[in-house]
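I'd like to ask you about the structure that follows.
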Amino acid sequence: MTHIRLGPNQYGKAENRLVRVYRDTDRHEIRDLTVSTALRGRFDAAHITGDQADVLPTDTQKNTVFAYAKQKGIASIEEFAITVGERLLIATPAAEGARIEIDEHSWDRIPVGGAGHDHAFVRGAGTRSTIVNIEVTGGGRRTHVISGIKDLTLLKSTGSEFHGFLKDEYTTLPETDDRILATSLVARWRYDHADVCWDSSYRKIHALLLERFAEIHSYALQQTLYGMGEAVLDQHPEVAEIRFSAPNKHHFLVDLERFGLDNPGEVFIAADRPYGLIEATVERAGASDPGSAWHAVPGFC
Amino acid sequence: MTHIRLGPNQYGKAENRLVRVYRDTDRHEIRDLTVSTALRGRFDAAHITGDQADVLPTDTQKNTVFAYAKQKGIASIEEFAITVGERLLIATPAAEGARIEIDEHSWDRIPVGGAGHDHAFVRGAGTRSTIVNIEVTGGGRRTHVISGIKDLTLLKSTGSEFHGFLKDEYTTLPETDDRILATSLVARWRYDHADVCWDSSYRKIHALLLERFAEIHSYALQQTLYGMGEAVLDQHPEVAEIRFSAPNKHHFLVDLERFGLDNPGEVFIAADRPYGLIEATVERAGASDPGSAWHAVPGFC
Amino acid sequence: MTHIRLGPNQYGKAENRLVRVYRDTDRHEIRDLTVSTALRGRFDAAHITGDQADVLPTDTQKNTVFAYAKQKGIASIEEFAITVGERLLIATPAAEGARIEIDEHSWDRIPVGGAGHDHAFVRGAGTRSTIVNIEVTGGGRRTHVISGIKDLTLLKSTGSEFHGFLKDEYTTLPETDDRILATSLVARWRYDHADVCWDSSYRKIHALLLERFAEIHSYALQQTLYGMGEAVLDQHPEVAEIRFSAPNKHHFLVDLERFGLDNPGEVFIAADRPYGLIEATVERAGASDPGSAWHAVPGFC
Amino acid sequence: MTHIRLGPNQYGKAENRLVRVYRDTDRHEIRDLTVSTALRGRFDAAHITGDQADVLPTDTQKNTVFAYAKQKGIASIEEFAITVGERLLIATPAAEGARIEIDEHSWDRIPVGGAGHDHAFVRGAGTRSTIVNIEVTGGGRRTHVISGIKDLTLLKSTGSEFHGFLKDEYTTLPETDDRILATSLVARWRYDHADVCWDSSYRKIHALLLERFAEIHSYALQQTLYGMGEAVLDQHPEVAEIRFSAPNKHHFLVDLERFGLDNPGEVFIAADRPYGLIEATVERAGASDPGSAWHAVPGFC
């Protein structure tokens, strides 16, 4: 079997559920994270002979995440991911790269007497997310930082058209100049460099994405996404590209004529499946384009 | 097989995903509902011989939900559930009861320029829910209205103790005077009557539950829930009882001493399973207590 | 607040993921369980004042489950549930009842060289399930044993009709004498007593349910379920009643005439929501009917 | 904003739930599929100006899937995916590629009287899956076919060791020469060409993966996966590479010494999160390696 060999590979500890409480004053802060680590590199022996001498166990990777939450703190998920990734690379000489993915679950202070409570919180909607991918190069390391948002469910009750599309013999969709547009957005943007104020950049981009979704008159989900991405690149020079994955959550107008009722855009049935799935990238011409920033290995998610 | 017979039964259409847009002015309102209907009664023939003459199809129940969303509108989920339930009973002479369950998914207006947008929305956290159970009695109908909230995820980073508990030879849990308390709450309260301003009552109870969770110094999740329920009954004479189902979402302090680090309530691992599950009722003495308001049939959820 | 009091309540540890390996010989046996325990009773102090002196912690309940898996073994999930429930009641004098629910996940031996492997397994479909409910009565205890099956997804590609149903002005469903019938069944049967060979009874009922689903010519899912239940009661005198909860998973014939194609029952779209939900009980006349066997508290699942 | 442009993109209809019944004889056959289609190409106008003239709607893609299920039939999911993909490319001149992903859900005939029933089925475990990626090249098309299996949950109760691994100051994991090894496997293999008997190749690879998992004495999940992949490449010259994504589903031995009990590999708690995640490729040296076969766009899954 001399012609068979190990190809791309990575291994790590997925979905460490880490909650960090800052209690320096009576007014606590919390960061609630799901952290996944992965290392890739020269791990042939581990696969072929079962010799684990080069392999830092996934259990150790987990321990590192929790120890670093205390030792280094979590200024932002991006910074914490970089710090953990660099540590794992130092601890694992055979590794040629690290990929750290962190989701941050949002919490709001519970309102009591007009103010937010010191140490009681209610979970919010939407998830902030980062992927940090560090490549070991000849002379050092190259770090790619991707920030993003997941599970951001958006809906417009008007201001959305869809017509003028290509038709063939299987086309039955009527054209419309007024429909519901709804999606559950995943947006991820890659930073050009790592000299960024992560929390501030995230907050502004989050607000901008919402605002553009609301204000763009839509001729297709594609065009809405492009407009959202264009605004981010236009106002955020630190961002090299932004990628969207957006289900088109169909809302079908219910036929009420059967019951002698009109239905001018009022009663809809929301469908689960199938759904449209629109994926698009908006990028800065001339920016570096390392597909490897996204996945070390195509086909591994 | 003369001694075998049909026992309790019900049938209906579950999880109709109904979105209702109010577009009377440019400032749209939306109500996004998941509606489940069920009828119970003298449906022996349908089961035993397959004769469906007494059975209003679940497809018709679905049609009724969507037609009524237009014809009657959705002033509140409680009122809509009552209206739909009464209609289904009228249309189905063999039915002896109807159970309508509606979840309402929350949407906030997207903030643009300091104000909420007219027709663009972002999904919020937590789900409002109602169960309306109508019994056909000799002379008329008896209507039970239950309102509630689901998926309300709450966390306190301090102000929670747990000690003084019963011990046996399998007890290893250390006592603590400071832990994280977290839950994903389901609360359902049964109204004493149906002469209620549903939206206002819901909003006040929702706020009160949050506030009490925050302010009660906890000696156990049971005691927190009881205090929350007591406040609702105390301030809301229209409520006869309130039931909680609350997982105790464990957050374990990570042992960092192994790495030479202390961990005074700062770094936790959030566990998925197993979890504590606390279920409790707080009720008004002397209130009617129809268990049948909750489930027509024990064992059917 | 003298008129406010604690109502029905229970607490326990839910979803303990227990895997028990029997390795007495080289041919291993495994039982893979999800165990949930709950106690109910006189726990007023725990709720009202926070005094936990009567409360056996859920953590201790968990420890008991795992210790008993070694000490008592798992002859069947029914017997294990009874054993654990009785132990928890002994350890908790304030308890007036225990409810133990166990799901068993199926594993088949991996076929190697025509035989099943000694210690390598592949997960099967469907889940066996039991609920044991023990009530403390004046002079002793009363034990109710419910066995069942979950997630049993069934489909008939013909042999299913639906017509002759009640119609009103919202009825649009066409009648049919040939449709797909599909469901994801939950069946739970209550034993009349506890002197049962659990594994054998389960295997026979499981096979009988499958066979009857296949062989009954269906005029409605209700009638299919009734026939399945009737067969179980007819052949199993140890069973007092059986309850079904069965979604009617709709498969809609796709309209291909638009494309010049006929579609005589060949191409279907399977819908997620809404779905019909049929719940029915078949019972032995004269059998005891303790609704409390199913849920200690209506509204708690 | 002249420096901002559209980057990689694709769009389609995801998760069409298609059930195809073959009823040429009384002994029906069924194929139960979830089909997702996606097109990529020169769709700049759709994104930038909203002009949809080049866009075949996702609704039309859906119609094509259902119409082709009748017109072309489903000999295998691989062949059906190729046929649908080619059609969508013909219908959409601006497209430069198509990606069709199909999952097939398994059904077994219900056993009745020692034989499988003609038209009644029970759902099995595990999901067969294919990804077909067609690239439009200058002179024609290049088709990549990937087959695979998802949700194949496997467990070995012995025959698994883990020791000799790299250690650092955060390493606390004890070495072991006997543990439970469990995973929920995703395996995908890329064919070197499309002249394959798809169903037969799938069945043999499926059986071989199971057998090798059972028989390999494991020193790490990596080494088990490598051995499984090596066997596939060795016995299947039509396969160019195989990729695994395998969670290491941890089963922790429960400490029963606290209760005076030993636990020699008998009682385990199965953990949900975190889990190890092992991803590995085994490939044939000299085989073409088009990463693009897996994802048109890195970062889109």
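Observations, loosely collected:
Labels A, B, C and D are assigned to the chains in the order they are written; within every chain, residues are numbered from 1.
The working rule: a contact is a pair of C-beta atoms (placed from the backbone, for glycine too) under 8 Å apart; a residue touches a chain by one contact, two chains touch by 3 or more.
Predicted model, so just to flag it, every value in this text is computed and none were measured.
Set against the C-alpha centre of chain D, every other chain centre is closer than that of B.
At the interface between chain A and chain B, over half of the residue numbers involved are used by both copies, so each side presents largely the same positions.
Here the spacing of chain A and chain C, counted between their Cα centres, is 38 Å. Centre-to-centre separation between chain A and chain B, using Cα means, comes to 31 Å.
A straight line joining the Cα centres of chain B and chain C is 22 Å long. Residue positions of chain D with contacts to 2 or more other chains are 16-17, 63, 67, 170, 172, 258-259, 272-273.
The touching residues of chain D, when paired with chain B in their complex, are 169-170, 172, 258-259, 272-273.
Against chain A, the residues of chain D that register as touching in their complex are 1, 3-17, 36, 38, 43, 46-60, 62-64, 67, 91-92, 162-168, 170-173, 188, 218-220, 222-223, 225-226, 229-230, 233-234, 241, 243, 245, 247-248, 273-286, 289, 291-292, 294-295, 297-301. Across the complex, chain A is touched by residues 16-23, 28, 30, 32, 63, 66-67, 69-71, 107, 110-112, 117, 119-126, 152-159, 180, 207, 210-211, 213-215, 251, 254, 256, 258-259, 261, 263-272 of chain B.
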